[in-house]
Amino acid sequence: MSDVSSASLRRPSMAKACWQLFLAESKLLIRRPMDVFNPLLFGFLVTLMFPLGLGPDPATLAKLAPGLVWIIALLSCLLATDQLFREDFDDGSLALWLLSPQPMYFLVMTRVFVHWLASGFIITLVSPILAIMLNIPMQAIPALFLSILIGSVSLIFIGAIGAALTVGLKNSSILLTLIILPLYVPVLIFGAAGVQAATMDMAAGSYLAILAAFMFLAVSLAPLAIYGGLKINLDAG
Amino acid sequence: MQFNSLQELWFMGGHGSYVWSAFAITATVVLGLVLQPILKRRKVFADIKQRKQFEAQQ
Amino acid sequence: MTTSSKALLTIQNLSCERGFRQLFQQLNFELFAGEVIRIAGPNGAGKSTLLNVLAGISSDFDGDILYQNQPIKDVSYEYRENLCYLGHAKAVKTPLTPRENLQWFCSMYPTRSDTSIDAVLEQVGLMYFKDQICAQLSAGQKQRVALARLIISAAKIWILDEPFTAIDQSGVQQFETLIAEFAQDGGAVLVTTHHALNITGNYRCLDLGDYL
Amino acid sequence: MKSLVQFFFKLGSPNWFYKVSSYLVPVFALLSIGLMSWGLVAGLLYAPMDFKQGNSYRIIYIHVPSSFIALSCYYMMALLAAVYLIWRTKMAAIVLRSCAVIGAAMTFIALVTGAIWGKPTWGTWWVWDARVTSMLVLFFIYMGIFALSKAYEREELGSKAAAILALVGTVNIPIIYWSVDWWFALHQGATLKLTEKSAMDSAMLFPLLVMIAATYCLYVLLILLHSRAEIIRSEQRKQWVKDLVK
């Protein structure tokens, strides 16, 4: 081994780091498909519960469908973010990751974005099916799809804050829910209202615009809190 | 003085139960908020005193 | 053995308490290039806490830590570039293969350009396991992936937290020779282990017991 | 100006804070008891009956002050969270944790008194009014911060996590309040207005102002009491605390 101090170095650029992280994370998810399907199965299960509780009458279901589908998507996103950093924390790669010289802001953003692809995006693809099962008027489907597509990004990023703050704790899923659900309130309000407006053939554009505003706010600010939370848990670990 | 007898004050035109229950709950919560730190401080002081006596005997 | 005049790492009256327990206090020592320091001490004396503090994981301490005479807070980027921390858990992602693990590592940390991932994997004896997912490897082989990471990294300082747990004798032997070589080439190593290291050269033991 | 900065800087050391607060506690205790009794007597006994709601409106004298405190306590907590994360002053963490407790209790009072007040006025115990709903969300945010600060074995980690969540909450609270108001206007229209006070004549309004002042004094008193207890508990190993015990 030649002398350490004079060895020429390969300094990776941040873009390369993000790309490699993207590849590594997606490989991780592809090799463990069950992590992706669990939130979906949960979504279908909860969709089953509502008609059993509210009665099969299509009229009542159609009236409640926009709100119900949004609540189901919200709970599935919450469930998906519970185990987000858990595995890194347990096998020690969280320390390796956080102590790297790369600026963490974009790495954390890439990491959570990949997680969104595996959970939020897939829930968005499935939600029209859930909505049809709940007898939603057909003209609301596009608005529903778009609102959950945009809304789920902020749901996952806000959920990631909770996941980062509770990753080192033992029974953290209850605490995660307690921390994160209050922060989901604005997204749920405008998401459900948008789909509601679409069912009555009113334009849902303004609601989607507000949801997009929430999305950009979450994507830009959440990584700071996530990084802070991870550093705390690294110290506790 | 709006009410000319204690009995009327208690009854308060039919709304007495609501008003007094609200005030009772608030009083208990505030009392709890005031007493909890006092008891906690007293307990820690007692622990310290015990520890000092223990160290004194060493 | 090159001993640069300036110490790589200088620790000045470092003290640390966790909860109500005072771990170590007024700890002063210097780590020079080419030196291996073993941190010893009774269990619970704060060995891991000391390494956490030095690696920059924990910021709850009093005292100063200087990297080349500058506080690590001011030179944090440069300090992180020249530091490789190996915790209790070996930070090996089990669903990925050794090659992918190293690619992931090389994308974040500066690495030596005179060796390649394959060369390093062969050097640690993972010739035939380059593309097998780590879940199927034995604990010893996973340990070697962490070893390969240390070799390829261009860090000047290694901080190893009990690297020899759950490894067979030959693995320990290989690790010790690697540490000795790294020190000879001008690197500095801080390591905590339960048994003494048989390493020649500039190796001393620092007992936290007498700083309690 | 120099001494002001000096004052705040010294406030950061628990020892000095404890000394200063030992003078302030009796002052605020007297203030809050005096103002509180004055406000209650004026509000309960002398304020005239409301022609629409009868005597049940008197609950306003605790409902409105506690909702004021609930919100202002949150923003004080956010300020302390920022100070703690930037300068790591130990006192900021201690006061932050006591703020979480007091804020949660005040929000609880506001919710309970609001519900009790709703019964005679609207016939239902719980009305999904905009103010009450956002107060409920605020209550859960307080509980989240309190639970998170208790979840870690090491206190300073718990305080850091609670501080981060408090800052995240600060960004969200205005959005939550705005979106709940908007949601309320969309669904209910303006029929059900629990909070829109009818123009109160001065005999009713005056006790309310006194009660708000009294509750702020009580709030400061509670923060001092909780912080002092927390200082003694976390610094019990230090010599200056041991000297306090004969």
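Letters are used for the chains, namely A, B, C and D, taken in the order the chains are written, and counting of residues starts over at 1 for each.
We take it that a contact is a pair of C-beta atoms (placed from the backbone, for glycine too) under 8 Å apart; a residue touches a chain by one contact, two chains touch by 3 or more.
As the structure is a computational prediction, the values presented were derived from the model and not from experiment.
More contacting C-beta pairs link the chains of A-D than the other of the two pairs C-D and A-D. The chain closest to the protein's centre is A, with centres computed as averages of CA atoms. The distance from the centre of chain C to the centre of chain D, each centre being the mean of the chain's C-alpha atoms, comes to 48 Å. Computed from the mean C-alpha positions, the centre of chain B lies at a distance of 56 Å from the centre of chain C. With centres taken as mean Cα positions, chain D sits 33 Å from chain A. With centres taken as mean Cα positions, chain B sits 45 Å from chain A.
Counting only residues that touch two or more partner chains, chain C has 59-60.
Each of residues 153-154, 236 in chain D touches at least two other chains. Within chain B, no positions touching two or more other chains are listed. Taken pair by pair, the chains that touch are A-C, A-D, B-D, C-D.
Those residues of chain D whose C-beta lies close enough to touch chain B in the complex are 44-49, 54-56, 58-59, 62-63, 66, 98, 101-102, 105, 108-109, 112-113, 116-117, 119-120, 218, 221-222, 225-226, 228-230, 232-233, 236, 241-242, 244-246.
Listed in rising order, the residues of chain D touching chain A in the complex are 85, 137, 140-141, 143-144, 147-148, 151-154, 157, 160-161, 164-165, 167-169, 171-172, 175-176, 178-180, 182-183, 186. Within the complex, the chain C residues that touch chain D are 18-20, 59-60.
Taken together, the chain B residues at the contact with chain D in this complex read 1-3, 9, 12-16, 18-19, 21-23, 25-26, 29-30, 32-34, 36-38, 40-41, 44-45, 47-49, 52. Against chain A, the residues of chain C that register as touching in their complex are 2, 33, 52, 55-60, 77, 80-81, 83, 85, 87-96, 100, 103-114, 133, 151, 154, 156, 181-182, 185-187.
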